[in-house]
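The same chain A turns up in both complexes below, where it pairs with chain B and then with chain C.
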Partner chain A sequence: MSNLLACLLLAMAPDAAAIVKRADRAVLGETTTYTVRMTVQRPGKRDRVVEMRGFKKGDEQGLVRYTTPPKERGTAYLRSGENTWLYLPSAAKVVRVGAKQNFGGGDFSNGDIFRLSLIKDYDPTLLGEEAMSGEACFKLELRAKNRSVAYDRVLYWVRTDGSFFPVRAEYYTISGKRLKWLSLGEVGKLGGRLRPTVLAMENALEAGAKTELRFLAIEDEAKLDDRLFTPSALEKGE
Partner chain B sequence: MALGTAALVLGNGLADGIARQLTANLVAVQTGHLQVVARPGDFEPQNSPFDAYSPLRLPGAQALARRLEALPGVVRTAALLYGRGTAMAGGRSSMASIIGIEPEREPELRAAHHLQAGTFLSATGRAGGEPEVFLASPLAQKLRVGVGDAVSFVVQTPEGAVNSLDGVVVGVFQKGAPWYDHALYLSLGPAQDLFAWPGDATSIKITIEGGGQAAARQARPSIQALVRQTPLPGLDPDQRVLVETFPEAGRFAFSIMEANRGALLVLSSFLLAAAAVGIVNSMLMSVHERTREIGTIRALGMRRSAVVRLFVLEGLVLGTAAAGLGILAGGAAVLHYAAYGIPMNNTSLTWMAGGDRLFTVLTGASLARTAATIVALSILAAVYPAWVASRLEPREALHHV
Partner chain C sequence: MRRALLGVGLLALAWAPAGAGQPEIELGFENLLYRTARTRLNRDNLLGLDPSEDLLRGGLGVKQTWGSARLVAKGYLERRIGSQDRTEATLRQAYLQYSFGDGLTLRAGKQRIAWGSGFAWNPTNRLEPAKNPLNTGLEQAGSWAVRMDVVPASWVGLILVAARDQAAAADLPLETQGRVRRIGAARARFLVWNTDLALVLSGGAGGRSLVGLDLGRSLGGSVSVHLEGATYRGAELVPARADRRFFRLAAGLLYLRGESQSLSLEYFWNSEGYDGQAMAAYRRNLDDTYAAAQDPRLPPPARQAALDAYRVAAALPFSGGLGLRRHYLHGSWTRSSRDSRWTGAARAVVGLADGGLAFTPGLGFAPRGDLTLQLDALVLLGPQDSEFRLAPIRSGLQTRIRLLF
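Let's turn to the complex of A and B:
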């Protein structure tokens, strides 16, 4: 009877793609500006704290500019389509960087930061429901659509309470090793709506290492010019 | 003169030792006598020890290697897969050069790595199902792993996805050359799994009968022809497949050798110039001291040309004696260091010598070259004093006090 009920509930649940689409917009909207504080924790070392101003337009364009500490101010990352660039003010030069290189010396890769849409890169399957971090969640398996996508498989937990807030994501290599895991929490009101405000990434490469992104301000529905997301604008610091 | 000769013999022994070590290492570890490799159309060597390797995919490399092995003059071929990634163990991680090899086809590579602990990779490359790992001592220390410990690798495959592999350490090697401090070897199969390139590699090492640059150049056309005939599906159109001889592939090692030879040439020039000045000086003194003697033989009818010949002959005798003595002393020193080696105990020296110990080399050609140089220099240096002696007037010379 309980099995039948579970099957019935699963059948009533939205399909996997719809869940992932909703979850994709849970933290940041379609077009958004935000302020975020990144804390990089390394065992035995002092935490490194950086604040950034970010801009996002659609699923293809993203820009993040360091605002503090003063010595790193002006450093910026740009993602446009499949390309990522880094601007270092000390060198006054824009260089192309790989999506898999780490972002700002932390545990997020450039691709993790600018992964603007999971549904674009992955085919999702709903595995069922499971409690995660004390929340009832849909458990989804996301399979990479091709071998150019960084992680071959992602396990994804999304709240079932109608908010579609993602709670956790685990990223696996082609051989099936869990490489990184992301926790999303501290739901709070930012930019006029509730959303997870803290994202913490840990990885298997270094025990005890963790990078936390804490959103301080978010403004959805911002009006952003396409010219902002170009390497020349990056160099000019616009 | 004898001391200068000994120094030259030792210098040549050092330069030859460096050249032999770097070449042997390059051929054994990286390139073979010839290598088949894919390069970008606009490839520019970076003068790095890893220039010989290419990170580009050579499709069907293993099958091509077996076909090349059937060509006359080819002793052995081995496919090699080179890539970069992260090695990790117990929460520690390090960047690593990951090199997939066919262990049973790499006896020279095996011999070129001094075993510190454990064993080399087995023919299957797997221990109890787990891929075997043979890694450099500095990397093992950084990860704090030893024989029997688990180690994992994470790489970005050339297509872009992230992949990983768990292995077990079967051996730790001490290479000396600092560019191998973060190198590790896997069997080709697990390396292909890791980079998601089944059947492929990044180069084919070819061992040629007789070895040497001339044999490599001679064997190249037939290898090139077979490579051209072989379809390589999946090869990027911007890339070209090259058959490189080891001096072409190992530009870095050869640039070190050239720099050493250049330095030796400069040093030898100073040494020879100093020796020449010494000879001229001592022979002029000899002319001065023997002025009356020269006057007597000239008065007795000896011609000027005969006086010149006399002094040049004296220079030849002096030079031959000095060369003989110097060769004996220098040769003994070279033979000593050829047997026991010279410790290269700082990073610059290990970079120059390609190892943490330098074994000098004594060759007949080098000895003959040095002896000929010293004798020729002695004769040349004797010409001016001989000319001065021949210009003496017998009447004035006999009155010389």
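Let's turn to the complex of A and C:
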């Protein structure tokens, strides 16, 4: 009987793709400007704290400029499709860099920062419901559509209360090893709506290593020209 | 023109209208200490160098933004201690920039142009003073230039520059008399098939007209590659060889692991560089002019002329910033501690023709987010007769401190 009820509830739930699409926009909108503080924690080391101003348009275009501390000010990353560039203010130079690497010396990859969308790269399957971090959640399994993405498989927990706020994501390699996990919390009002404001990525390769992104300001539906996401704009500076 | 621009800049800073952003201020201290040597380029110390030459600098930099407008000014006061005890002021940058939305940006004044994808060498660049051939990591001074960036669409951009500079290497205790160049240049860049493609044209007074091509692409993972090449007619090194076409090419790769580790390699080919025979002729010329400068049988004006010719020839490896030979390799490695406070670095330029090596290990320390200290050593190694060992410098120690507000 209880199995039958569970099956009925699952049948009534939104399909997996719809859940992931809603969850993709839970933190940042389609076109967004934001200010974020990144704290990189390493056991036995002083925290590294960097503040950044970010611009995002769709899932393909992103630009992040470091604003503090002063020694890192002006450094900027640009992502446009499969292309990533880095601006080095000390050399006044834009250099093209590989796309698959960690961002800012922390535990997020460039893809985690700039893409923030899973539906484009993964095929989702709804596994059921499960409580996670004290919240009732949909549990989904996402499989990579191709080998160009950073992770082969993602387990994803999204709140069932209609907010579709993601609560946790676990990232696995092709060999099935859990590589990293992301916790999303501290729901608060930013940019006129409620959303998770803190994203914390932990690394299975190093106990105690953690990188936290704390959003300080967000403006959804900002008007951003495509020409902002070009190497010329990087050279021009903010 | 320069004074007017600086005056406008200072007035703008003093005026600081409402809506201005917080000014970014940088105080710097640099000490470039060299141990000199008597080599074939400095026989009997004809260059007049002291055993140690010290360049002591105090620097100031200001960046102020008002909406779409920006002013940047950076310079230093240098006290030379050694053969020439003198103090002089140098501007590294002083420019005004204004952006008309995302599609058009104008910039005028002394500025870094960073023309080309190459790291240590930029074959398409005739707009800026050359990088220091013995330490490519030192901050470069800019050129007096007017620059216009036009971005009609996200996949295409056009940069037009008119610049005046002197192609002499800075940061060395030698006097290098580089040519004054007045160059106009255009760079059309495209993003096609996930590849940066740029076509370059440049020409003007004091520099050859050139056609260039610049490519950059990520290879996936953490590696990206670049290729920058140019062709022009007539040599820039002596002898002039006016009717011959020459090529320069820089090809390299960059491995970047977040911001904690980087490794770059770059190969440079300069088809007008000297082969073994030409290098032998260059050395013979040094020997002959030296002998003439010392010959008591010659009248004093002839000896002075020979001495001047010797000095010009001795400065040749440093005046273009490219070296004299055809094949070079540049390698650079950096690694930061996990809290980003310490950074180790090593750079090397290897002359593939003669095995000479300019090696620059360095250590950086940032105890706070607004304070950085950098210490680089410069060591010249290789066979006695190799290009880098001919330099009248045995070693160097370069200390830089920056305090940022």
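One rule holds for everything that comes next: the second predicted complex is superposed on the first by the 236 of 238 C-alpha atoms of A that agree within 3 Å, B and C clash if a C-alpha of one lies under 4 Å from a C-alpha of the other, contacts with A are read in each partner's own complex, and residues count from 1 in each chain.
We take it that contacts are C-beta pairs under 8 Å (C-beta built on N, C-alpha and C of every residue); 3 or more make two chains touch, one makes a residue touch a chain.
Being a predicted model, the structure only gives us computed values, none of them experimental.
Once chain A is used to superpose the two complexes, chain B occupies space next to chain C without a clash. Of the two partner chains, chain C is the only one touched by A:Ser232; chain B is not. Looking at the shared chain after the overlay, A:Ser148 reaches both chain B and chain C. Touching more residues of chain A than its counterpart among chain B and chain C is C. By the touch criterion defined above, A:Asp47 lies against chain C but remains apart from chain B after alignment on the C-alpha atoms of chain A.
Touch criterion met: A:Ser175 reaches chain B, while chain C stays clear of it.
By the touch criterion defined above, A:Phe55 lies against neither chain B nor chain C after alignment on the C-alpha atoms of chain A.
Touch criterion met: A:Asn102 reaches chain C, while chain B stays clear of it. In the superposition on chain A, A:Ala204 contacts chain B only, with no contact to chain C.
The gap separating chain B from chain C in the superposed three-chain model is 6 Å, by closest C-alpha atoms. In the three-chain superposition model, chain A touches both chain B and chain C at residues 98-100, 148.
Of all residues in chain A, only 40, 42, 45-49, 68-73, 80-84, 86, 90-106, 148, 225-233, 235-238 touch chain C in the complex they form.
Considering their complex, residues 86, 88, 90-93, 152, 154, 156-157, 159-166, 193-194, 196 of chain B touch chain A. On chain A, the positions that touch chain B within their shared complex are 98-100, 144, 146-152, 171, 173-175, 177, 179, 204-208.
Considering their complex, residues 24, 65, 70, 97, 99, 101-103, 105, 112-114, 117, 119, 139, 149, 151, 153-154, 157, 159, 189, 191, 194, 196, 216-224, 226, 254-260, 336-341, 366, 368-372, 402, 404-405 of chain C touch chain A.
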